[in-house]
């Protein structure tokens, strides 16, 4: 009976991955569709179109930041699922909660794009980031405690995954605190943090020791 | 010729699962996008934004309830498909009907969010829940009668799946009846029922006997 | 070099199926979202909500018809792909054309729902159905001519697939001609044809001879 | 530890393909939904509906061009992924950048459809095409340099993939330059280029020598 249960749970990881890819795909594509293009009636020359599009710069930056965010959390979730030997119902529901936070991202992004001068919009956006991080952290903790991970996982991986989430969330919180000075600092700082996570994996190749700590 | 037919039908389960994951992913992501954010023109201070967002609480609760609902039915459908050895055209069409009810969910959710003081909106929402349950029940009955399930399925599984759907639908019907007293009681009760199905799987660990009855 | 090419083409069938499931999932979910719910401001009693929703009956029937249509063509495309041993670029592009017709379906459905008293809207809807059928027919012809199908396919399958498409398209054309008398006859007839294709597979069980001709 | 890393990376290619299929599916389906159908109130006869729909011809041509574009880049990305033995984080992020450009396509298409008399809209649309091409080119270069491709790949494939992207981008740039004469020439030329890439694979069958150069 146990093997039957394990087999079902094993299927779950595949279908959970399929549902996750679907939800990330829809959320990532809908992000940019939230952009309100200038109305055709309001534009009567190339110059006016240019100015109307230039006015969309803050929104574009925010949508780009959210795409990076979703990409980072997609890679993060995938890394966890790749290490799982099997799943259980609790883990599935932690990930469904995580996916709920993913579906909130286009909404909190649209809110921040509409109200990018308001701290409340930034705090709500950050709470979305925090929820994504907390649930991914909880998922990892549950997988380790429930012995759902593969036997061949290197000994250092659990601590590395936890550290990665803690540092990222620390930087996001720092970014939000910068809105005490100016909203643009906050958004710019978070964009830089995200770009760092996107581009960082190039560094380990040059610094071997660091790469080993990372890969463990 | 029979093995050829079975092979095609076997493929069906995989592609049915893929289509299901796609439809659930789109429906789950579009749910929250139905939320109408406050218009930028109507807000001129942090306080006004705060009040405008506070006014969205009933809608948010309803969208959260629908996400839980879709999550519960996704897990339920997945459990059934995992037990299938093969499929046939009738089963495929029962599941396409089930997926039609899934695509109706964002619409009935938007209706309930817009008209959460109207009993008619709640009754329509409940009819959507009922349709999801009836078709999942019909799918299971057809699979058992048509011997489409795996040979290694434990003897108690069919009855457990049926009981689960019957009890859930009984609780939803009870929740709708509560609207005789107040709409909020109905919505609150259904949210509690859904949260119970999300969190319940933690209990069996503490009560071994119950867990065995559940797992069978 | 030939085996390398075949391997890539084999992969294509899987990814073509994945893209198809994705496009069908989005199109099926967006269909019903085209429904315009009554505005909250325009409704002030349960009775008014009831009447506003009753007024949506023609649109609901049309969306239901389109969901059945997409379901039928999804099953039809799946049956073809299941019989393929490998694919080539031409076949991929015929299917991409077919998927383009699938993405047109929510648009032609919305047009018919908005203008269900206009013959032009029905003719455009029918041209969409025709395009779906013609491309599926062309895909099958190309697969047979190019020897892309599995060796173990029963001898009668190619003719059965062609006949199925021809008869369905004949019935759709007949349905459109009925608009000479009344639009409702056309829409009602096409709904009945679609329901027949959904429910028909139950019949072969009772009539053995017919079932063999069907299954071959 | 290396085999563990490779296994995870191998998974990445599959999930990257699944995310890509999802994003392409959503972007392809949403393209045509950007089409603004005539309002029911503005139409009171079959003739008026006919004229209103005829007025949508430029938009329809542009949406068709974008569907072809997404189809071509989907086939192009798929061909690359099929040749990969494994992936790494850098390659994943190049493809996430490519997918970001895919999500921009419905937006730049809607912009061009709204402002098809403005050169700026065409230049932005072309920058989207350029970004898609540059990232696909970068992905291939990274895969070759990082030895991520399969051992059994024919020797001529890398050069053939690069040449294909270079020629296509050269033709797109030429098409945009034609807007010096007339916008319609530009759009018409790009549509012809895309149709050529869709239909071209039929030619090799007649010219055997060319086919070998293509297949290598």
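For this structure, a couple of remarks:
We just call them A, B, C and D in the order they show up, numbering each chain from 1.
Here is the rule we go by: a contact is a pair of C-beta atoms (placed from the backbone, for glycine too) under 8 Å apart; a residue touches a chain by one contact, two chains touch by 3 or more.
From a predicted model like this one, the values you see are computed outputs, not experimental measurements.
By residue number, over half of the contacts seen at B-C repeat in one listed pair from A-C, B-D or A-B, namely A-B. Interface of chain C with chain D: the two copies contact each other largely through different residue positions, with under half of all numbers used appearing on both sides.
Across the two interfaces under comparison, A-D and B-D, the one joined by more C-beta contacts turns out to be A-D.
The rotation relating chain A to chain B, fitted on Cα atoms, comes to 90°, given as a multiple of 5.
The distance from the centre of chain A to the centre of chain D, with each centre set as the mean of the Cα atoms, comes to 26 Å.
Averaging C-alpha coordinates per chain places the centre of chain B 36 Å away from that of chain D. For chain C, residues touching at least two other chains, in rising order: 18, 21-22, 25-26, 30. By the touch criterion given at the top, residues 17-18, 21-22, 24-26, 28-33, 35, 37, 40, 43, 46, 49-50, 53, 64, 67, 71, 74-75, 78-79, 82-83, 152-154, 198-199, 201-202, 215-216 of chain D touch chain C in their complex.
Against chain B, the residues of chain A that register as touching in their complex are 1, 4-5, 7-8, 11-12, 15, 18-19, 21-23, 25-27, 30, 88-90, 92-93, 96, 99-100, 102-104, 106-107, 110-111, 114-115, 118-121, 124. Interface residues of chain B facing chain D in the complex, by the touch rule stated above, are 22, 25-26.
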